[in-house]
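This is the structure I want to talk about, given as structure tokens.
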Amino acid sequence: MPQPIDYAAASSAVRAVFDDIKATRKVADVNNFWKYLANDPATLKRTWESIKDVMAPGALDVLTKEMVYLAVSVSNGCGYCIASHGAAARKAGMSEAMFGELMAVVGMANETNRLVQGYRVPVDAAYEW
Amino acid sequence: MPQPIDYAAASSAVRAVFDDIKATRKVADVNNFWKYLANDPATLKRTWESIKDVMAPGALDVLTKEMVYLAVSVSNGCGYCIASHGAAARKAGMSEAMFGELMAVVGMANETNRLVQGYRVPVDAAYEW
Amino acid sequence: MPQPIDYAAASSAVRAVFDDIKATRKVADVNNFWKYLANDPATLKRTWESIKDVMAPGALDVLTKEMVYLAVSVSNGCGYCIASHGAAARKAGMSEAMFGELMAVVGMANETNRLVQGYRVPVDAAYEW
Amino acid sequence: MPQPIDYAAASSAVRAVFDDIKATRKVADVNNFWKYLANDPATLKRTWESIKDVMAPGALDVLTKEMVYLAVSVSNGCGYCIASHGAAARKAGMSEAMFGELMAVVGMANETNRLVQGYRVPVDAAYEW
Amino acid sequence: MPQPIDYAAASSAVRAVFDDIKATRKVADVNNFWKYLANDPATLKRTWESIKDVMAPGALDVLTKEMVYLAVSVSNGCGYCIASHGAAARKAGMSEAMFGELMAVVGMANETNRLVQGYRVPVDAAYEW
Amino acid sequence: MPQPIDYAAASSAVRAVFDDIKATRKVADVNNFWKYLANDPATLKRTWESIKDVMAPGALDVLTKEMVYLAVSVSNGCGYCIASHGAAARKAGMSEAMFGELMAVVGMANETNRLVQGYRVPVDAAYEW
């Protein structure tokens, strides 16, 4: 099974990505996700560049994006992702009250998604255009 | 299979819920989801009261909540929910640029959730407290 | 893409399975699922024999089994499976009141499953043995 | 990350919910799920009232409801939920033989749900009404 | 809701991506997925470049990659993806016998994934290193 | 909760399955999955016979089948299955470069599956036949 690759043991291609992550996020070290992905430098580089792009502020601010990332991770039951994006969302300004409401929305969405499918509800004409 | 129940054919208990939905949302008629749920008046009432509560503005505004609802529905592949909450999010102010970024975040979250699980990444000590 | 294989066009190996399905279920024709699986006679035979075994009355009666099958299919969002096992559950005695309660349980389970994961709830010692 | 809230440290609103859970279930303490949800008293109260309602005996008995809850939790891969609802189902009368058959049904449903989707099986006319 | 964007109506940035897709895949037109993604040119470009990279032959050949893509799409129940990657896998050499075996593996994996979770099976020491 | 059943404590029916697993796979002991399934001898026997059948070399070789099994297990987030089928795939010849590309494909498939659903992309006529 792949082992994490630390900066000291990393190739220069991997170090370049690690350096950019640390500079962009202003952190002292990269988190485990990147150390494991470093086993496949092409995927490491592509994934980091995509994440950097997608998570940059744009039409949506960083806090909203991190909360959406957390919501999807909760819905998929990915423990690591819930921990890391929970931390990122809090760093971006998510209060505990916001977290509570976020979880309530995620819970309701999962409940009603299944009710809709169980009752086989057809799409309303008003929603098609 | 359950058929939708229209206002005209509904019991007074169902009509009371339909009336509250229409008044709260300022719409002329309820959408199909509620007409199907009306087959089970207890679930109709409980679901509506929960949704009304959870989706009211609070620490998170309505637009953020609708975008999170949409993100979860997309991640679960619920076609009806994507159509109805896509419409609700747009009504609450989601621009097409915001939709595009939302989908990009949902896509990345689904991708990295699986990379994390495939590489069996352990949670960093920094994320535990 | 695979096309459905009707009895008239089926090989004798496929016909043998179709005959057993029709005799076991007392139906005039097999449903589409089996006609598509007939493209792969080994999977057709193995799946039918497994289903016949697993769905036979035992410690759980047929109605309970069909409702569990339906609950899982709803939770997975499989439209065909919801239609076919919804019909099978009704044939086995599921009333509309039972269906309503079943959907309510499926909805709550999906909601609380995600709340548990979002709050990262550790298993109570009382549940380990 | 939210920490569990014990009875001693809980607000009176949270204690009222904890008291009702303990009285309804005849248990000495609430399980971890509720102690974590207590971080958001509104969600705690709404979730408990919904669960109490939905899981009460009705057209379906408590054992059937707990087995369905367990089946969905297994299908969603929620470890905590499998442990807690596995315990609840056993307390409600699920024997190990029943558990074995339940898992067999859940397994088959997950298998055939995917076969149906992979073969793109269209819904039979007989299932539409 | 976003509408598909055809080549004739596309911006030059979108056309550049469409041209690369058509040249790389030797097709006369791009499929609907790209016409919808064209509503968000940044996501269109990033997704196409990622796909082109990831799906190129490397340690795994194109046929294996397309079958894995199809297997994941079936497991996620994405109808469009099953249709499009089913077609791509067949174009890359997947016979109907291979498709049958692929579906059988996907089905078994989904079945045993849930059995493992339901029985709460701990990882064997032999699998950790 | 079911406990694992070791060979020494197993019934002769369970031992017969364990013996066949050990002989077929040329291993000294069965892994935990089978020891837990042994609580339900009928499911143990049926699951083993299905797996033996489905995973035997045919139109697809064993390595491809194990990689597909791993891909589905990653997509479903089943930790045990990722560990055990990761080991099986490596034993069948999966190099770390192949693993890296496999994960990249699984990641992309999960990303684009959701983009497709979010944009509500209709199936192209060319994919229907």
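Residue numbering begins at 1 within each chain, and the chains themselves are lettered A, B, C, D, E and F in the order written.
Everything that follows uses one rule, which is that a residue touches a chain if its C-beta (ideal position, glycine included) is under 8 Å from a C-beta of that chain, and two chains touch if they have at least 3 such contacts.
Predicted, not measured: the structure shown is a model, and the values here were computed from it.
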| item | value |
| --- | --- |
| Chains touching both chain C and chain F | A, B, D, E |
| Centroid-based (C-alpha) most distant chain relative to chain D | E |
| Classification of the chain A:chain E interface as same or different, half of numbers criterion | same |
| Over-half contact-pair match to D-E, picked out of the listed pairs B-F, C-F or D-F | B-F |
| Furthest chain, CA centroid comparison against chain F | B |
| Chain centre separation (chain A, chain D; CA means) in Å | 27 |
| Rounded Å distance between chain B and chain D, as computed from the means of their C-alpha atoms | 21 |
| Chain E, residues touching no fewer than two other chains | 1-2, 39, 42-43, 46-47, 50, 54, 75-79, 83, 86, 97, 100-104, 106-108, 110-113, 115, 117, 119-120, 127-128 |
| Graph class of chain-chain contacts, one of line, ring, star, complete, other | complete |
| Residues of chain D touching chain C in the complex | 1-2, 31-33, 36-37, 39, 43, 47, 50-51, 54-55, 58-60, 64-65, 67-69, 71-73, 75-76, 78-81, 83-87, 95, 97-98, 100-102, 104-113, 115-117, 119-124, 126-128 |
| Complex contacts: residues of chain B adjacent to chain C | 1-2, 39-40, 42-43, 46-47, 76-78 |
| Touch list for chain A against partner chain D, complex | 77, 83, 86, 96-97, 99-101, 103-104, 107 |
| Sites on chain F touched by chain C in the complex | 1, 42, 46, 50, 53-54, 127-129 |
| Chain E to chain D touching residues, read off their complex | 70, 74-75, 77, 79, 82-83, 102-103, 106-108, 110-115, 117-120 |
